[in-house]
Amino acid sequence: MEVVMSFVIGGLYASGLYLMMRRNILKLVLGIALLSHAANLLIFTMGRLTRGHPPLIPPGEVRVLESIADPLPEALILTAIVIGFGVQAFAIVLIRRCFETLGTDDLDEMRSTDRAP
Amino acid sequence: MTTFILNLFLAFSWVTVTGHFEPLNFFIGFILAYVMLWLVRSGSAPSNYFKKVQQVIGFIFFFGHELVKANLRVAWEVIRPGHHMYPGVVAIPLDIKTDAEITMLANLITLTPGTLTLDVSSDRKILYVHAMYIEDVDEFTRSIKEGFEKRVQEVLG
Amino acid sequence: MSLIEISVHFSTAMLSLTVVFAFIRLVRGPSLPDRVIALDLMTTVGIGIIAVYAISTDKPVFLDVAVILALVSFLGTIAFAYYLQKVTDIADLKGD
Amino acid sequence: MNLVLLFPILIPFATAVACLLAWKQRHVQRVLSITGAVLLQASGFLLLVSVWQSGIRAVQMGNWPAPFGITLVSDLFSAIMIVMAGLTGVTVLVYSLADMDTGRESFGYHPLMHILLMGVCGAFITGDVFNLYVWFEVMLIASFVLLGLGGEKAQLEGTVKYVTLNLMSSALFLAAVGIMYGAVGTLNMADLARHMGTVKQPGLVTTLATLFLLAFGIKAAIFPLFFWLPASYPTPPAPIAAIFAGLLTKVGIYALIRVFTLLFVQDLEYTHALLLVLAGLTMISGILGALVQNELRRILSFVLVSHIGFMIMGLGIFTHLAITASVFYIVHDVIVKTGLFLVGGVVRAERGTYEMSSLGGLYSSNPWLSALFLLPALSVGGIPPLSGFWGKLVLVKAGMETGQYLIVATALIVALLSLLVMMKMWADAFWRDSPGSAAGGSVVSANPVSFESRLVLFCPIGVLGLLTLAAGIFAEPVLTVCSRAADQLLNTEEYIRAVLGGIP
Amino acid sequence: MISLILATAIRYLLPLLLLLSVYILLRGHNAPGGGFIGGLVASSAFALFALAHGVDLSKRVLRIAPRNLITAGLFTAGSSGCVPLFFNLPFMTGLWFETHINVIGKLGTPFFFDLGVFLVVLGVTLMIIFSLMEE
Amino acid sequence: MFQEAVCAIFLIVGSTFIFIAGLGMLRMPDLFMRMSASTKASTLGVGFLLTALAFKFTQLDIVSRAVAVIVFVILTAPVAAHMIGRAAYIAGVPLWYRSVIDELCGQYDRCDHRLGSIDIRTQDDERAEGDA
Amino acid sequence: MVWIVLLSFVSAFFPPWLCRVLHSRTGWIVALLPAAITAYFARFIEEISSGGTVVESMGWVPCLGIELSFHLDGLSLLFALLISGIGTLVVIYSGSYLAGHYQLGRFYSTLLIFMASMLGTVLADNVITLFVFWELTSFSSYLLIGFNSDQKPAREAALQALLVTGAGGLALLAGFLLLGQAAGTLEISALLAKGDAVRSHPFYVPILLLILAGAMTKSAQFPFHFWLPNAMQAPTPVSTYLHSATMVKAGVYLLARLSPVLAGTAIWENVVTPVGMITMLTGAFLSLLQTDLKLVLAYSTVSALGGMTMMLGVGSQPAAEAAVMFLVAHALYKGALFLVVGILDHETGTRQSGRLGGLFRAMPATGLAGILAGFSMAGFMPSFNFIAKEQTYAAILETTPAVFLTAAFFVAGTCYVVVGGITGFQPFTGRPRERFLKPPHEAPPSMWVCPLIMAAAGVLVGVFPSPAGKYMLSSAVGAVLQAPSEVQPALWHGPDVKLFLSTAAMLAGICLYLARAKFRRSMEPLTPLLSKGPEHLYSLSLAWLDTIACAQTRVLQSGRLNLYLLITIVTTTGLVGASMLEHEPILGLERWSDLHIYEAILAVVLLTSTVVIVRSRSRLAAVAALGVVGYAVALLFLLFSAPDLAMTQFCIETLSVVLLVMVLYRLPRYRDYSSGKERFRDAVVATLAGGLITALVLVATAVTREARLTPFFTEHSLLLAKGRNIVNVILVDFRGLDTLGEITVLAVAALGVYSLLKLNTGKKSGD
């Protein structure tokens, strides 16, 4: 499954990056979203994939005896997901504000302050 | 009083959902539900709660029957080749008045395959329903009014 | 293979096919509401998949995920409806 | 006890929460904010003294033993950086008392600044690579918001670029952390350092090093990944730009130095040579950029980029002296860049513009401001005995000792060009007559700055100016501290022992 | 334009969902759930309410301003981490009461930390959604 | 064994319903009929699947949670369908060309989307005239 | 000594205040400082001339081997006395010259800083310390040249001087550091003993060339000489002090100081002597073409500096003597001439040689000073310059082949006569050329006394040379040669070749003086050629730098975010790819056999959705597809044992979609503005990047490693952390700090959204 997953991750990265390189500001945000999915899946895969053994200690036991999924990457991803959400929320509102203030959604028109003389 | 009932109901749902049928847990649920109700100050609660149980049971059977019947009809429609529908949007005048009743009726109609509540008029007098099989508009209107609306009125009225 | 296993396989196949159907509708549209109901169907099927998966792995904890999915799928649909109400441009609604 | 390691995170956090509580009372927020910053500065010194006296300090969060929980660890380098964070915080916040509009202050300017400081200090003090990511994000999101705070046209344009490119960096960093965990199976930096050699996959460690180099390189604004910096730093109000310029870029450099002294020291010929090449290109590219700009803060931004190359150069040379130089250079750069951006703010307050073409005449009208500009500007130009001179001197010396003549020559040429840039700025904004007065009219400032607020504006700038002078005149103690910091950076054993304790 | 059907349905759903969110928060230490998910469920519930009834009513129903929820959450989380400092233990060391409570399990500082998370997540989401919908 | 059998039957029935919903989604000619066909069938299907789950794990907490999900889905599905249908109608998604009647036509206020109520009697008269 | 210098720096703070109190009398008070310093150093004459040295040291940066160590020997003392002595006069003079100028206070401050730095330069015994002061002289010179900062030429000249000397300074620094590396010490007194070691060191040539670059730029040697004439934009006292008497001699000082270490090799002679000679000739020749008296003096200064350098290149004992003598003589007469020109300028408002004449009657004291100084400059007997010239001939004649240097010096000597005539003689003699606005009258005594003292000294020392020889020159030459020397300057050596040559030069000079106008006219055709000199190269290279800078910045900082991203991605892909391909990685592609069919369907749906997002022309479809991706990811989490993640992902994904949807309807129609070519390019780049990531994941997961941390968590989660959900326990306990940071991020994001939507400071200010 790691092989398939790696292709999924690669595909997500590729399409995320491609979208980010578009000039439309909405596509930029969609690209960022895809990129964060990709990063999360990447960490997930790095913890190695385990089917059907969530890292929970069953009722009545004091520790897990069978082999379980690595809980650490899961915790990391949870953190990353939530952080990503915060950032994306900001980015989403930012593009709206940009359009309202600048009157365009074309990134190439947003370079009045950043152009070589 | 209705709020109290609602509160009890919520506390009970709590116990059910948590799966621990103990007084302490019920108490926790009650407190929590109280807090929730306080927070949202939900306006109306169902009245005549206990008297309606019988009607409710009857209603559930009626509804289940309708649901299965309609589902099978639509399933058949989906599976067999070609289209054999006479769809349309029908305006159904309402006798029921309260928000809860209208909502319940609308949802029941929607849940029944082949029919779909599109909207309620702003003065709450008419329900607009999309239906897949309208052989006769009046007949359709009547079936809704005498079937679902009457029973909703019974249950909630 | 036990009865349960056979039925789980059958269900998995059915649900997978449904996902594919819904996905096709999502891609093809033609109108925005079509895409939205396709997404809604997919999430509903998701609940089903979770149920089947919980049965097949014998881990009822996955049911909790279904609770969440039921909730958020509703929220998502309502949000899309909210958007559809705001959109008046029919061309945009058609999707291209 | 180990509170001293916790203060740099807790104090800004508590200050931010307190400011949030006092949301509607602007004046209460100001008092809280300054108090918090001063406390942070004090805790920084406390930490520095503590580490100086008793070596590397570490504390395990949640009382969980080292590789399992999160470790806060401070060597001298971290402590120095925290002192610098405190310094930047205090100066910038004092400055903002006189130069920050009510709108921004009532929309969370103070809590945001403290959360920014919290993120920065967290990044400096954590011993866990994922926790580092978290602090980076705290810092980043605070900087996003601060950058966009006010929502002016230019700010928004800058923010879009800043956000996008920094998110690229974050995604890269996150991926790198993930892959590192996948390959080594731990996140604690000391533990990683121990196990890095056990990775069986050929070249994977080098690849990881490259990933980290790029992720931190974007944050540090090295060539050719620095676009976001000149695109965004000239857009927000002066205090925000100042703390970004002074402090934020240094976090990337801190991280680079940390991982390239602790974790990635296996393949020096590849990684550190790459660092050196990028350092040289950064220096040149940045200063060339600065040469052709004609807006005060855009010039400063490019100069900032250019001088990041110097800090990386020390890391690339990778001798004791070179690392000492890098650490010293960071200290210097924090001081002067903060100072320069604040001076820019005063210029703008006096004249209402940053455009060089509309500036001039400040030398005759604002002699004190001129002096306060000259100090950091000359320091950037490497004029002795200011701190910038020593930074470059030590770097050049280190480069010569290892025979890296090409980078030494680059550094020297860039130093000269920096001087050119700064003096052009001096001539255009300060020396020459203001373009208005040439037409016969006398210089009227756009919105006259009152004496009291001028005093408040000049205080922090004066402190920074005196610091760059003091760090030059009393270079010995500063260099000694940096040298010990370099010792600790290069002898990873001490770090690992401090974090992991008795674990073999 | 507000839909009667939606509005009525949500009015009944809201307390149920909030209850669910607290439940998820409480048992998060022992089963899937926790402060994040609980907070997200609660905010989803309020988001639904806001979509159905508009922002003004939602704010009145919520009573506490989202920003204060955030502040309270940060304060709760931060101070629960600080409690062990008074016992000369490192930051965020878990301290537990001995009594066992149903659903929650044992009560300790990590629980209050999780509660802080819950409040922050709720406050944040609502702050974002409310300010987006207000315009 | 009985338990397992019931579980299996519910699984099969449920997934079949869902499959039909999917098929309907694909095959129906207009949006409203796609919704009619799919929303309810899928809701029913999910209900069956969750019932299957309840039969598989007979612990009370699991069963009660499964029931909770079923109730929740049954409560929300029609509301969601109504919202989408209404929005689609307002936005002008066309009915199938073979639709026989549209009594909602022209009832929405163009500006604020307030929905009027027609006078039924007049409506009947008009219909009569149309037939004649 | 150390304290004297440091106090001089500190004293620079006071003049602005003094000015406010004392107004025009400030000069006299400020002059007390250099006067006191002169007196201080004069005390050492006795001790030094008897062969002693004074050493003082203070720790500065010992960790780099840098001490604040001062070393006073004959050479330093000579310079120190010149600096402080002439400094005193210049300060007094400036008080009147700039009387009433609103920046007089700042002028004095800068001048004092300069004086202190110059003292530091000549006294320092540590090369780095020397360099520190050296750079400070450059910088104070910059401020002084640009004193009239409202004038563009002044600013440009200042910058040019700073750049040229600054560039040299950096070369010097490099040279010093290499020298320190080669010799193992940075102390000059220690270095002097290691000459052989340095000369045989492989770094010798670079060391020499780098240090020479420093000295040559500072002392305005060809081809770096052009900054000095331009520096005449400075007020005249500055030109006097910095650009003739002291600072420009720092390079000469340095060569003299380090000649025991560096001199004596073929390369030294083959570089230093020709450079000096060419500079001497160039300066002398160009000085004749000028009409502005200050420029005439400036070019002759260039020439004189060339002469001194040339003599140091020769390096013999007589040459050293000649160099030192010439240095002193030049300081005195050239300083005086500058001051005289300053007075003329001040009183008449012009410096054009053609417009000045017959002023002796109006300003007799100034005239006397001018004529005396011009007399010295021309090298007439009995001026000290005559002695210096004789000594120069003596030294040159010893070289082989002597003819080049002799001829060169002859030509230069001829020119000096002309320059002396033009600047010291012509303005005061003859008939008045034209009427000035105000009738010219004598300057105040505080002005004319200064040049008079210097000019008179130039002659007096010539008449009575032996005390100077005994007390000053011997020890100075001894310091240059690092050998005890006895210098006995004398006016009359008998009729020999030297006397013949100098007399001939004088006569030739007089002839040329008389024909100066004709000569200047005859040289006019050369003007276009002269404009192609090194200065042209300087401006060309600046322009070239500007072009390159513009080009690179336009490419890199285009303002186009998509290009920024493209470059970032290409760089990342390239570097990471290169580091991966360095070794042959193990991919482990066989690890797919355990794939389940529904997982495959999920993967396909996920990837297809991404394609939909990328290709969709409906943004709602794109957002819906994004939702599908998010749900699919959540399902993947669920399938691989992460229910918490799945729950969170479902919630977050929905909320994101909700937010997107809430924003979406505010945006305009969905368009892609890029061209097809750009899209193709980006697609290729993105695919490569994605492929790289795929490979990276495969490589990293192919590593077998133990799960180091999991056992700890499974063991302690319930027992110590009281929780069964290990993920949650990690979040709130094991790694609670992460979570604290994470909720902070969320809180800030909310604040950000709030402020973005509600705060608009731009609107208020109206832009």
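Per-chain residue numbering starts at 1, and chain names A, B, C, D, E, F and G are given in the order in which the chains are listed.
Simple rule for what comes next: a contact is a pair of C-beta atoms (placed from the backbone, for glycine too) under 8 Å apart; a residue touches a chain by one contact, two chains touch by 3 or more.
Since the model is a prediction, treat every value here as computed from it, not as a measurement.
K.L.:
So which chains are sitting against chain A and chain G at once?
P.N.:
The shared contacts of chain A and chain G, listed by label, come to C, D, E.
K.L.:
Counting C-beta pairs in contact, which comes out ahead: E-G or A-C?
P.N.:
Counting C-beta pairs in contact for A-C and E-G gives the edge to E-G.
K.L.:
Which chain's centre, taken as the mean of its Cα atoms, is farthest from the centre of chain B?
P.N.:
G
K.L.:
Going by C-alpha centroids, which chain is farthest from chain A? Tell me that one.
P.N.:
G
K.L.:
Can you check how far apart chain F and chain G are, centre to centre, with Cα atoms defining each centre and the answer in Å?
P.N.:
Comparing mean C-alpha positions, chain G is 80 Å from chain F.
K.L.:
If you average the Cα atoms of chain D and of chain F to get two centres, how far apart are those centres in Å?
P.N.:
59
K.L.:
Averaging only over C-alpha atoms, locate the centres of chain B and chain E and give their separation in whole Å.
P.N.:
Averaging C-alpha atoms per chain gives centres 30 Å apart.
K.L.:
Hey, how far is the Cα centre of chain A from the one of chain B, in Å?
P.N.:
So the centre of chain A lies 40 Å away from the centre of chain B.
K.L.:
Quick one: which residues in chain D touch 2 or more of the other chains?
P.N.:
13, 16, 20, 61-62, 130, 134, 137, 141, 144-145, 148, 151-153, 160-161, 164, 168, 175, 179, 182, 187, 230-231, 289, 292-293, in rising order.
K.L.:
Counting only residues that touch at least 2 other chains, which ones in chain C make the list?
P.N.:
In chain C, residues 19-20, 32, 36, 38, 61, 64-65, 67-68, 71-72, 74-75, 78-80, 82, 85, 87 touch at least two other chains, as defined above.
K.L.:
Where in chain A do residues touch two or more of the other chains?
P.N.:
20, 28, 38, 42, 45-46, 48, 51-52, 54, 56, 72, 76, 78-79, 82-83, 86-87, 89-90, 93-95, 97, 101, 107, 110-114, 116-117
K.L.:
Pairwise, which chains touch?
P.N.:
A-C, A-D, A-E, A-G, B-E, B-F, C-E, C-F, C-G, D-E, D-G, E-F, E-G
K.L.:
Could you please specify the touching residues of chain G with respect to chain E in the complex?
P.N.:
Checking each residue of chain G against chain E gives 643-644, 647-648, 651-652, 654-655, 658-659, 662-663, 720-725, 728-729, 731-733, 736-737, 739-740, 743-744, 746-747, 749-751, 753-754, 757-758.
K.L.:
Can you tell me which positions in chain C touch chain E when the two form their complex?
P.N.:
Counting only chain C, the residues touching chain E are 61, 64-65, 67-68, 71-72, 74-75, 78-79, 82, 85.
K.L.:
Quick check: in the complex, which residue numbers of chain G touch chain D?
P.N.:
59-64, 102-103, 106, 128, 131-132, 135-136, 139, 142, 146, 149-150, 152, 155, 158-159, 162-163, 166-167, 170-171, 173-174, 177-178, 181, 545-546, 548-550, 552-553, 556-557, 559, 561, 564-565, 567-569, 571-572, 575-576, 578-580, 582-586, 693, 696-697, 699-709, 712-713, 733-738, 740-742, 744-745, 747-749, 751-752, 754-756, 758-762, 764, 767
K.L.:
For the complex, which residues does chain G have touching chain A?
P.N.:
Going through chain G, the ones touching chain A are 550, 553-554, 557-562, 565-566, 569, 588-592, 594-595, 599-600, 603, 606-607, 610-611, 613-614, 619, 622-623, 626, 629-630, 633, 636-637, 639-645, 648-649, 652, 655-656, 659-660, 663-664, 666-668, 670-674, 682-683, 685-687, 689-695, 697-698, 700-701, 707, 709-710, 713-715, 717-719, 724-727, 730-731, 734-735, 738-739, 742, 745-746, 748-750, 752-753, 756-757, 760, 762.
K.L.:
Looking at the complex, which residues from chain B come into contact with chain E?
P.N.:
10, 13-14, 17-18, 20, 22, 24-25, 28-29, 32-33, 36-37, 39-43, 99-100, 102-103, 106-107, 117, 119-120, 124
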